[in-house]
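Down below are the structures I want you to see.
The two complexes that follow have chain A in common; it is paired with chain B in the first and with chain C in the second.
Right, the complex of A and B next:
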């Protein structure tokens, strides 16, 4: 029963949601909305499990005087500090004169968290350069093709210098080459991957919904 | 509540099916009790039970399901279903073995999407296999997750993998870690694990977005052997450039079938291949018709090509 009941629930919920996708019946939509609302409740409660996991592991490392424990102390201070500020904002506790309801938590979010996120994102520019440098080395026939195609696409995206003879004609030609490579060569490859992935998704979805794939269940 | 909704749903269904049956019977026996039929029952059934705009998708799904069941029954009867070698999957054991030899942990990143994403669900299935192999080799497995629901799935998958290997003691609860619900905070956390704990093998399997290259390049810089897999086509070039092995698109969904060789799972791979062949054939017919009727198509006149392409409208639904 430990396996059968979860499989039965999976099959019923999966079929109900699949049917809601295909059926215009209001009742089918209602079942779908109800199941999704249940899922939202589960997600919200599970958030506490995540926090518990984070706190448990951090406290263990701090008490064991792990070399990284300073990061864990900072993590816990930040997490509970921001939680305290958020609670104060929600309840209007210790609110300075003239301050808005979420001024303090918004300020912390905008002044600390967003710049940190932007910093992480900006690393992508450097990583793209280093990855492209490795990928574009002409070590084999395929890598050489990639190098040539990549160079043509890049050249097609930038304006030609005016001192170059026939720069306008060269620029137009490169733009056409770039468009050809992107629309036909790259587009065909992407479509093939999308068709394969869509069929894989369909197969996996059916496998799980119909109870064929059971390896997500405990024995 | 869901139960009244279910009851109403069943009521509507019985009303539809019952009405259709009553009309069919009354027509058969010539009864006058039922009012005359305005439209055929299958048309009304289609309008009420199946959204007409989604009928082609429905037919495609039913067709795929039928092919899948035929292929599964053939596989169960012992018909051999060859599956081509996938380098990234063959390298999984090698990567875990390398970690064992170096005395360093294995890192498994299950992507950053929620559990309702099929790639994340599938990543949990692969995680169980990786956990089993890591437990057999006695190598610690670190699984950082971004979503707290995924955390519970990942804990269960790792625990089950250790049980499969006959090594329940190999499960280390502190190695399945919730880091953050924010994309780049999670990314920074995983990069930190790669730099501080120096895993010798990084598995990145699941749904990835802009963080894919940051993770893959950090892993490359740390010297780990890297196996990545996703069906998200926009992230594939980054993984191809920065990882040792990349499992691309449909290969990603073939992992459990490839690793277990279970007939039921192999049958689904065969069904996907058969459907793909039909899709290729349909595309070739469209190409030929498109070339023959190019003039009519560009002039906006109806042709065999436009009628043919109309057949497939709705197979890929918007929502």
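Right, the complex of A and C next:
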């Protein structure tokens, strides 16, 4: 029964959601709405599971005096601190006079989270430049094609410096080359990949619905 | 023979840092030609009848704000200038603070009234599933608004909206990745036949050409698309965005030189590689 019940549930849900997706009947819409609501509950519970797992792993490392313990302490303090502020904001607890409902959590978001995440993302510019120098090699014909196409797209994406002779004409030419590469070469490739992936997803979905694919049961 | 791997990469970091800071301090940008995708993004909004309701999704976070926030705020200006009404949602948890701060700054400039001209519904968990739910029934997906915690049906802007995107004239997403524009196309565009526009990060932009123009009516890709769209919105009569447009044009100049430096590094790395192979 440990195997049969999950498979039966999967088959029933898979068939119901497929029927509900295509059918215009009100009953199908109700089934669809109900199953989507269940999925939302599962998503929300997954957030809680994620928090619980993070706390468990962090506490384990802190108690083992791992070299990164200080970061784990900081992580837990930040997570529960922001959670407390958020809860206070939602319920209007300890709200200073004249303050808006989300002023406190937005302040933390704008002053800490936003600059920190922007900084992390902007570091990519340095690593991409370094990787370009160390790793992009014209080792084969395909790699050379990729390098040349990538360079042309990069140049077509930006305005040309005005000190360059005929910069406007060069810029227009590069933009046309970039548009050709993106629309025809990239567009055709993307379409092929999307259609292939969609067919693959359909096949995998059918295998799951029919009970042939059971890897989600760790089989 | 020296190879690229022998080279201390901190020199490259320094070169990028000096280039960016130097150009930021002393560089000046110039107007860019507008691509057909960005023009279509602008024209689709411009063609909507006054009073139409637009679903605006803030599907991004601070990591992609440099690319998407200018387009997001320019889109809000454009929509309010055209007297269109905006229903704000987010499928990324970090999206709603951008909505709150942007509307707090922009809405008073147009005398827009909360609940009539715009509403903030907040974050919806569930990725594609949430999008499917929003498409099926926006009203039951969000029982309360995010700002006043009031019943959404009590707001005038929600009166004409019903299931299956009825009453929504256009969906615009600021898409930083998953879930984003591709999921909106699958869950809303194809299923409920709602036109979709997107502003995307540079990484995501190549994915969109396969969908334009049948499933995606227009898009502003990366900082380039943002700059072009800002130019169009300023020209349409939003002088408040002139400063942001100039900033973005300057950033594009920085990007030009950064791209040239990266291409130079690729060429140098390959020259060293081939010289090393010949010497071996």
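The criterion applied here is as follows: the second predicted complex is superposed on the first by the 176 of 219 C-alpha atoms of A that agree within 3 Å, B and C clash if a C-alpha of one lies under 4 Å from a C-alpha of the other, contacts with A are read in each partner's own complex, and residues count from 1 in each chain.
The working rule: a residue touches a chain if its C-beta (ideal position, glycine included) is under 8 Å from a C-beta of that chain, and two chains touch if they have at least 3 such contacts.
Just so it is clear, the model here is predicted, and its values are computed rather than measured.
In the superposition on chain A, A:50 makes contact with chain B only, while chain C stays out of contact range. With both structures placed on the common chain, the touch criterion links A:128 to chain B and to chain C.
By the touch criterion stated above, A:190 is placed in contact with chain B and with chain C alike. Looking at the shared chain after the overlay, A:138 reaches chain C, while chain B stays out of its contact range.
In the superposition on chain A, contact of A:165 is made with neither chain B nor chain C.
In the superposed model, A:98 makes contact with neither chain B nor chain C. In the superposed model, A:117 lies in contact with both chain B and chain C.
Chain A residues in contact with chain B (one complex) as well as with chain C (other complex) are 39, 43, 47, 113, 116-117, 120-121, 128, 130, 132, 134-135, 190, 194. Interface residues of chain A, counted against chain B in their complex, comprise 21-28, 30-31, 34-35, 38-39, 42-43, 46-51, 53-54, 56-57, 60, 68, 71, 113, 116-117, 120-121, 123-124, 127-128, 130-132, 134-135, 190, 193-208, 210, 212-213, 215-216, 218-219. Residues 4-5, 7, 9, 12-13, 15-17, 20, 29-30, 32-33, 35, 61-66, 94, 97, 100-101, 125-127, 129-130, 132-133, 136-137, 140, 147, 163, 202, 206-207, 209-210, 222, 224, 252-253, 255-263, 265-266, 268-270, 273 of chain C touch chain A in their complex.
Of all residues in chain A, those touching chain C in their complex are 29, 32-33, 36-37, 39-40, 43-44, 47, 101-102, 106, 109-110, 113-118, 120-122, 125-126, 128-130, 132-138, 147, 151, 154-155, 157-162, 171-172, 175, 179, 182-183, 186-187, 190-191, 194. Of all residues in chain B, only 1-2, 5-6, 8-9, 11-13, 47-51, 54, 57-58, 61, 64-65, 68, 72, 114, 116, 118, 121-122, 124-125, 128, 147-149, 151-153, 156-157, 159-160, 163-164, 174, 176-179, 181-185, 187-188, 192, 196, 210, 213-214, 216-217, 231, 233, 236, 238, 240-242, 248-250, 252-254, 256, 260, 264-265, 268-269, 271-272, 275-276, 279, 316-317, 319 touch chain A in the complex they form.
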